[in-house]
């Protein structure tokens, strides 16, 4: 049933099924493809390439992980709005799309961490703005995406801007990275603020018209989401740990230039994350 | 001799069945935990949701007013004997019905990327006015332009059909009384056209209430987008969509009542 | 004696002005590099764009057919003497005009979260049919349900207005000839109602062409969403939106011509 | 005496609280022409509409061709028939309206063949042939392809008559067929009706054309306030009305 | 002889290629009643429509109250006036249509006061008072609040006459004002017109009511094919038509 090589799959990352992992797979799951919904967002997380194939570092990790479990992978591209209802409806076994792990979200779903993230700020090449700490954002318009961790950071920092007697951060939440980037390009927003992966890719596409003007790093995770109490969550955790252990994980993060955020242990529902 | 009208026994049976089914569905909806009623209750009157609702209403009212006024003008132009006016109106309707509102919103919002300055000048002459595009086109302007200009194109078609439905004898009678074109339109033709216009315009207004959520592409938070922003953070998608839907149900109910009242008002004398 | 009709000198001046402005805008649009015309040319006939276009057309045609058929039935029910039918129809229209299509799409797509199985059973009796919800409601089913059921509510209102515009003498004459209710509706009332129905339904169809892009929430890539997916990768937002808009312009042009032809057809004899 | 084509007994009809027909008794013999005159609002149109059940009745009974109209009698009560059966009965009764009510989206010919094809399931070719004969008969063979809006009032009314005749009815009801016509055009319609009466068609004619009633009518009734005030042969009633109401009415119309 | 209220010289009007008025000359003296008869399609309605410039003309000239209608003459050419000036002239000419054309969304009273308020800028209270006087005059004071759909045809036409009179016109045009009425209702409208003529109003009346023309008309013209075929005093023309066309027409209408 599973084709030898799915469209967009990287042969260099192909995994053999790991007998120890395969043994853990419950009987009612084995043999069926593992379905993952993807909110196709900004590259290089998960996007369609020139051939229309779904690719990205999250896809690579999930494909390798399911291969280790001896399962097929079925990708279901969608938008953010259906991810969670779809999980709850068991339409999908898992969902991904640069989903940050937060305490609030863990009440609704289970998440396995795959990477720690950091964020970059982009601006026009002629922009005088430099971002060293979040204080530098006070009184400035930043464009980001809805539900992004950046929105949370900005909101939490408003009180500090107020305490310092500065104007609040004007954070615009767009539907997607493109809306945010376009707002910066039309000078609606001073800064474009998103995950480093997305911003780096955008800078590369902008042909020198934009530059990176700062970064913000925290220790929270980006992960894959599963329905609350899903028996597949610990399995997926084990499979990703297996990839970390056998070096495939390193190959993937290197391939996409994400070494900075690489993790040593794949956590299930990590609690050491921001609220 | 007693006369008994046609009885439809199945009507009663069906009525009972429908009520039973409705009760069943209501029960099932109320008790199904997947709908997350506690979360719905928590957010129904949440400050952000109410702010989003107000933004929705603001945008609907202003964009619809723009659409109605401009749409009426376009309909009159379209039906005018003047070839220039009717061609212009045709072109406008064609263009603004064609280009998706989403594209128009993105276009107006990001006009600054295309033209950094807006300049009014006499060709080969002095500059009369010049300003940065973003200062002229605020996000609200962009939203109203995107929604209102497109709405005008749709409304124009509806109003055109309404005007055509008024018998020409009415215009002749009004002309014979010495009324000018504006009076004839406002006092005679339009009130009669309203009968045909109201139901489709009711549709357009109700569509617009929900259509305002397109402004999310320019980071404006209407009711639906506010709900989306909240569940983007909390992942409680279904309860928040229910919150938004309940508000939409309330607004549309009020609008339906208004539509009914208007239909009655303009139906008088018929 | 020679009679000279009223001359409108400003019409000529204005015509010239309009042509000049149009030429200026066209020139500016054509030469502004921000519009990215080479990119537009590259993607205009791109395989993915064409696939999206076809998906858009498919969805429009099927959802609109569903909307028209169901909407006609609802309009007839709404106008029926039968209280049950007209109440049901009123409720349907109220509900489906209220709830945003986005919510309906998500709801249908994820019906499985609420009810894992669809079961047809006699109450307190045997089960006739049972299947996993997700196998019954495919994404396409969900898309058509979401778009079509809502469309039916809007179309019903338009058709109702159209039916009401046909003089009652027509129905009386048809009844007196011994025609049954179905024949009267299909052959006599509906063709005459069409004159009033076509322009607003034209609006609805044209809205639907663009409204199909809502199905992106359930993972179906129509024309606009395809363009968005491409610029999500390349960040060439404006050129790709232009590509989509050009196709929409083409489709809407064809639809406008069809609308015009239909108006002429149903206007015959008037 | 044979069974009359139309037999009406104790017919009552109200709109809301207003009684419009207050107990009408009437017989129309097969092949005869019954003329009905009376002031506006006296219930003439309502009477015709009851005969082919375009209006429900509130009391009494009516038979057309010996068959009870619109109802079934059982145990001393009248039960309304379903629409389907009523339609079948209506097909046997032709009706011509004051406002013509031609179908504006169909040509004269299409107006005529519509019901024979849809209701009687005549083959279109046959229906068309018969329609052409009828158009010939009303003097409009050359206007078969014209839409109603392209015809004068008199021509429209003649098409309306042909349309009703195409169903080969046993009985024709005319509701002021010439009232909406310019005086010039009245003659052509009356001529067609006169021919029709000569062929032995049973007709009920509400009209203000007293000379037509006098010439063509076999019987005449004068209605006022939902009652038949006077009846008799047209010559007698029109020349020597017995009732003062009749006299007053005739003085105003003549 | 004084300047006539209406003077028409060489009036020509075509629709497309069809010439509907082929050179009409006519004088209507102030205070007189001019009746126009003629077969359908002879151009009677078109003539009236030209007089208040509801239709553009293709040739000739017309004066109402000494003023050129709808055009300005300069250097031997007629230049059409802008809509605004035409409207001012129309306000001085009342017109009553065959189909009444009352505004269905307004009550009888509102129909009457609309133009005085909007066009003449009369204060509403004054307009209403005057309208009530007019309604009294046409015998409808008690129906002021009724919508047209609640009035009989004769009542509607009387409201239409009151509506035209409310503008205090110098000239009244009537286009078959009784043709759409039941015979019973014709009398009430003719009575109103008769009263109006008695007050000295200048009137042009297209009508098929020959007895009205005979009684009330000062002049009568017979039109056919866009030409005036015969003119004279109504008694003479109706009793002894000179032209065969007139004779033929009269035989059909009587």
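Lettered A, B, C, D and E in written order, each chain numbered from 1.
Assume a contact is a pair of C-beta atoms (placed from the backbone, for glycine too) under 8 Å apart; a residue touches a chain by one contact, two chains touch by 3 or more.
Just so you know, these numbers come straight off a predicted model, no measurement behind them.
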Original post:
Among the other chains, which touch subunit B and subunit E together?
Top reply: C, D
**OP:** Chains touching subunit A and subunit D alike, please list them.
**Re:** B, C
Subject >> Shortest walk length in steps over touching chains, subunit A through to subunit E >> reply: 2
Original post:
Do subunit D and subunit E face each other with the same patch, meaning over half of the contact numbers show up on both, or with different patches?
Top reply: same
Subject >> Contact-richer chain pair [B-D vs A-B] >> reply: A-B
Original post:
Computing the C-alpha centre of each chain, which chain sits at the greatest distance from subunit C?
Top reply: E
Original post:
If you average the CA atoms of subunit A and of subunit C, how many Å lie between those two points?
Top reply: 36
Original post:
How many angstrom lie between the CA centroids of subunit C and subunit D, rounded to a whole number?
Top reply: 46
**OP:** Quick one: report the Å distance separating subunit C from subunit E, using the average Cα coordinate of each chain.
**Re:** 49
**OP:** Give me the residues of subunit A that touch two or more other chains.
**Re:** 81, 85, 88, 182
Original post:
Taking each residue of subunit C in turn, which ones touch at least two of the other chains?
Top reply: 102, 106, 110, 113-114, 237-238
Subject >> subunit D: positions in contact with at least two other chains >> reply: 83
**OP:** Please give all chain pairs that are in touch with each other.
**Re:** A-B, A-C, B-C, B-D, B-E, C-D, C-E, D-E
Original post:
Hey, which residues of subunit D end up touching subunit E in the complex?
Top reply: 39-40, 152, 176, 179-180, 182-185, 187, 208, 249, 252-253
Original post:
Any idea which subunit D residues touch subunit C in the complex?
Top reply: 49, 52, 54, 83-84, 87-95, 97, 99, 101-107, 114-115, 118-119, 147-149, 163-164, 167
**OP:** Note which residues of subunit B are touching subunit E in the complex, please.
**Re:** 169-170, 172-181, 183, 187-188, 191-192, 266, 268-270
**OP:** Give every residue of subunit D touching subunit B within the complex, in rising order.
**Re:** 10, 56-61, 71, 73, 76-83
Subject >> Footprint of subunit E on subunit C - complex, ascending >> reply: 1-7
